[in-house]
Amino acid sequence: MKKVIKQVAAIGAAGALLAAGVAFSQAKVSDGIVKIGVLTDLSGLYSDLAGPGSVLAAQMAIDDFRAETKGGAPFKIEIVSADHLNKGDIAANRAREWFERDNVDMIADLVTTSTALAVMPIAQKLGKITIVSGAASTLITNEQCTENNVHWTYDTYALANGTGRAVVKQGGDSWYFLTADYAFGHSLEKDTGAVVQASGGKVLGAVRHPFPGTDFSSFLLKAQASGAKVIGLANAGTDTTNSIRQASEFGITPKQQLAGLLMFVSDVHSLGPKVAGGMYLTETFYWDLNEQTRAWSKRFFDKQKRMPTMVHAGVYSGVLHYLRSVAATGTDDAKAVMGRMRATPVNDFFAPGARIREDGRLIKDAYLFQVKTPAESKGPWDLYHLRQTIPADQAWQPLADSRCALVTKKK
Amino acid sequence: MNVRVNGTLLGIALLLVVGLIAPLLVYPTFMMKVWCFALFACAFNLLLGYTGLLSFGHAAFLSVGGYLAGHACKAWGFTPELGILLGTCAGGAVGYVFGWLAIRRSGIYFAMITLALSQMIYFVWLQAPFTGGEDGLQGVPRGRAFGLIDLDNIYAMYYFVFAVFMAGFLLIYRTIHSPFGQVLKSIRENEPRAISLGYDVDRFKVLAFTLSAALSGTAGATKTLVFQLASLSDAHWHMSGEVVLMTLLGGLGTVFGPVVGALLVITLQNQLPQGVGAWVPVIMGSIFVVCVTAFRRGIVGELQALFRR
Amino acid sequence: MAELLGITPQALFGQLLVGLINGSFYAILSLGLAIIFGLLNIINFTHGAQYMMGAFIAWIGFYKLGEWVGNPDLVVNYWWSLLLAPLAVGAFGILIEKTLLKRLYHLDHLYGLLLTFGIALICEGLFRTWFGISGLRYDVPAQLTGGQNLGFMFMPNYRAWVVVASLAVCFVTWFVIERTKLGSYLRAGTENPRLLQAFGINVPLMITLTYGYGVALAAFAGVLAAPIFQVNPLMGSNLIIVVFAVVVIGGMGSIAGAIVTGVGLGLIEGVVKSGVIATVIDKATSGSPIVAQAIYPVKLLFQPEASAVIIFVVMVIVLLVRPAGLFGREK
């Protein structure tokens, strides 16, 4: 027994030494390797909008970084990936293992809010970085914000803001919400409702459906009975696509208009222009925006056989910016790299000139799209008309409304 | 009899040694997970293995312990040991209510009722404001045990978890070998007879259910501290199925079976290489089928039978 | 009336109709469980997986089979699936009964539950690795697209068909069991299999075929469900727990009981989803805030979003009042 206690003491001492060692070796990249973990949904509901495509996007960023530095960077880059099955506990487990045992320096993607919120505090505690691309909730940059995190691609505020305002402007001034009954759905409903009212529209009511749902008919009937011009779908993934299909089954559309509040180009692609044509939605990226986005998307398409979503583009952009910052500071110490990332503007096709705000929000342009009708669409991925570019300074939640401790502390 | 008791004591000593040196050999966080689930499975075994009641809703108690301990430590500044105590009491309280309702029916109905009740708990967690619903409850601080030991140190945390496990394990061991435990076994073997001997069988069943649920709450609370989060997967009925599997695989109604079962199942889940993850349910289902059709005594049960021969 | 309920009677009627559609699924699934339980004394945990497999067989027949056998013209349409999928899944069920379940009849019935739970995990896992979990789309057959405007709501033809088809199957099953010679053997087997065997009836065969039929009912429901819900490997696993609760509420003593309970609970769900009860409670207590406060937790149970738990709440109440279930007797 005594022996064991001695051993325990020895372990403790070794641990302390190790910790001290880490503290003093900030000057250069630890063990000469920068290790990037892509933690994403490889098999589930969101594997089309993130998943293997996100791993590919991260790899493309590493390739492009190598090409830029012509192999001149004084460190090796490794990439690991894993499936988090959209569950917070599995994501947390894996992240802890990667950080503690495998010396991963940064984790990218994190598709659902649950996984992002689970991994962020662990990264903060262990001095590592997270770059969230797939998750949507504004909690990530508000109540639960951390210093070592950047929310890269989009959030519910931006989507609600873009779509809500545009639809009211088109004449859809009375709304009824079909809301997935959990935190994410509630926040989407609340954010959009505020925007609708601010733009002069009315919110007639909301019905909440159990999450995840399969049969939306009774909820759709309530929405129909409300007589609202617009039914706002404050849900995501198959809940959204199923409600859209069932709305057309019950003859609700096209008499009443649907507004998808969180939809990706991959969802629209699977619904097809016949069902989804005419809908408005907001995204921060579309492959067919300009010369650079088309060039990058073509490279992506050649390997993945699908066009990239905004999540894919965001993973690429985040990883590239991270690697450039590591090269510039010459260390993988989270604090130094994060400082550099915040100090320099992003420079790529996804977010040219964009900056990271104090709360960890990347501030870039967003776009309002309308889905093309079957007559307008010239190919399986020719899906959107660009209706409006929402400039970066209007697209996101104003810093004045922030509930992030990093911001409120300073006030 | 004497030989068997000594065998059990030997087993406990072995368990202690393994537990103390394990972090030198394996990744400690992994072992912590194993101990949490081993305690969960042992608590479950108390009910199924020794009282003969199959609960298909034990995930409810794991999650009650997990969420309440997590919330108490995060929002009310509870120390870890107080958090675990709260989780234990809460698990027991919910267990008492469940048990009181479910013992109105027996056998298969009992299993289905516990399943349905645990599904209600699942929806409570989905709705309750403090659990974060689908997002889960994150950032639970590990804090300082008894205000002294900093549990952010991975080895301190490990030995803390192991101590919790051993305490729970020994409590169950004592219970099984107490007069109370003997009554439970007699209920399992022949309920009408236990009634005719004058035992208030329903009271014993509810008590066993409550104790089992309380210790499941302990396991859930400890698990929340280890991973610093509580999530809906703990409350899902798949979790209830998993604990049945661990117990069945290791050996129903044996002291060490659930520990062995938990170790094997957790190792299996952790060690499967990338891309094979989707096969986990298939493998678990196959183990179920094999255990039920050909291997009903489980690993430890078979070993015991081998030695006794 | 509309004042009091918060919605128009028409809208309430629409909700009841939607509840009836769900109720007919509950009825057909709990009927299968009850038949199997009656003779085999096991709860078939694989029921949800078999329901899912019915839907998948329909989907594969329509979209994939031709490709697999190298003949793209080969399409098993919806109507054929309605016949073939139950046969295929029923045969699979018979295989399970012959090879695995049979070994467990002399043991505690709990082992049957655990075995079928294991098989359910295997089936769901396999379909998951083969087809992913995103859900696959199955189109409504051409004959049943469109719908009728009933004045108070727009009723899709397909949903009307689902109600008619499943209630018809339920009725036929009830008739065969309660009113025919074959059914009398079955009922006798439920009461006393040994005595029946002594009369020269092949009881093991009867058990096998009964299991096959119960399973086929699940597959039939699966094919009916395919065009409404997406075809998804996990589509049965959440449904089965609700159906278990239905079975506990009804008690598994009677065939008619299983059907009536299933439909009834579907209707109750419909009422809760419409929000009528919550509104009535609001109106009734609007006079005194204290009562409203006190009754608030009860009201929460009748909000539309609580429709997922209302069946469990009913189950608890029934257990307290009538532990054997509404139509049940203790076995």
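Per-chain residue numbering starts at 1, and chain names A, B and C are given in the order in which the chains are listed.
By definition in this document, a contact is a pair of C-beta atoms (placed from the backbone, for glycine too) under 8 Å apart; a residue touches a chain by one contact, two chains touch by 3 or more.
Keep in mind the model is a prediction, meaning the values are calculated, not measured.
Participant: Where the contacts of chain B and chain C overlap, which chains show up?
Facilitator: Chains touching both chain B and chain C: A.
Participant: Return the chain whose centre of C-alpha atoms lies at maximal distance from the corresponding centre of chain B.
Facilitator: Of all the other chains, the one whose centre lies farthest from chain B is A.
Participant: Counting C-beta pairs in contact, which chain pair has more, A-B or A-C?
Facilitator: If we tally the C-beta pairs in contact for A-B and A-C, the bigger total goes to A-B.
Participant: Compute the distance, rounded to whole Å, between the mean C-alpha positions of chain B and chain C.
Facilitator: A distance of 32 Å separates the two centres.
Participant: When the C-alpha atoms of chain A and chain B are each averaged to a single point, how far apart are the two points in Å?
Facilitator: Spacing between the chain centres: roughly 36 Å.
Participant: Rounded to the nearest whole Å, what is the centre-to-centre distance of chain A and chain C, using the mean of the C-alpha atoms as each centre?
Facilitator: That gives a centre separation of 38 Å.
Participant: Out of chain A, which residues touch more than one other chain, so two or more?
Facilitator: 43, 181, 210
Participant: Indicate the residues of chain B shared as contacts by at least two other chains.
Facilitator: Correct list: 123, 127, 278.
Participant: Please set out, as single numbers or ranges, the residues of chain C touching at least two other chains.
Facilitator: If we look for residues of chain C contacting two or more partner chains, we find 128, 305, 308.
Participant: In the complex of these two chains, what residues of chain B are touching chain A?
Facilitator: It is residues 20-21, 23-24, 27, 29-30, 33, 123, 126-127, 132-136, 138-139, 152-156, 159, 227-229, 231-234, 274-275, 277-278 of chain B that touch chain A.
Participant: Across the complex, what residues on chain A touch chain C?
Facilitator: The touching residues are 43-45, 47-48, 181, 207-210, 214-215, 217-219, 221-222, 225, 238, 242, 245, 249-252.
Participant: Using the touch rule from the top, collect the residues of chain B that touch chain C in their complex.
Facilitator: Within the complex, chain B touches chain C at residues 54, 56, 101, 104-105, 107-109, 111-113, 115-117, 119-120, 123, 127, 237, 241, 244, 248, 278-289, 291-293, 296.
Participant: Please name which positions on chain C make contact with chain A in the complex.
Facilitator: 7-8, 11, 14-15, 18-19, 21-22, 128, 132-135, 137, 140, 147, 149, 153-154, 156, 158-159, 228-230, 235, 270, 273-275, 303-305, 307-308
Participant: Help me check something: in the complex, which residues belonging to chain A touch chain B?
Facilitator: 4, 7-8, 11-12, 15, 42-43, 81-83, 85, 87-90, 92-93, 96-97, 100-101, 112-114, 117-118, 120-122, 125, 137, 139, 144, 181-184, 210-211
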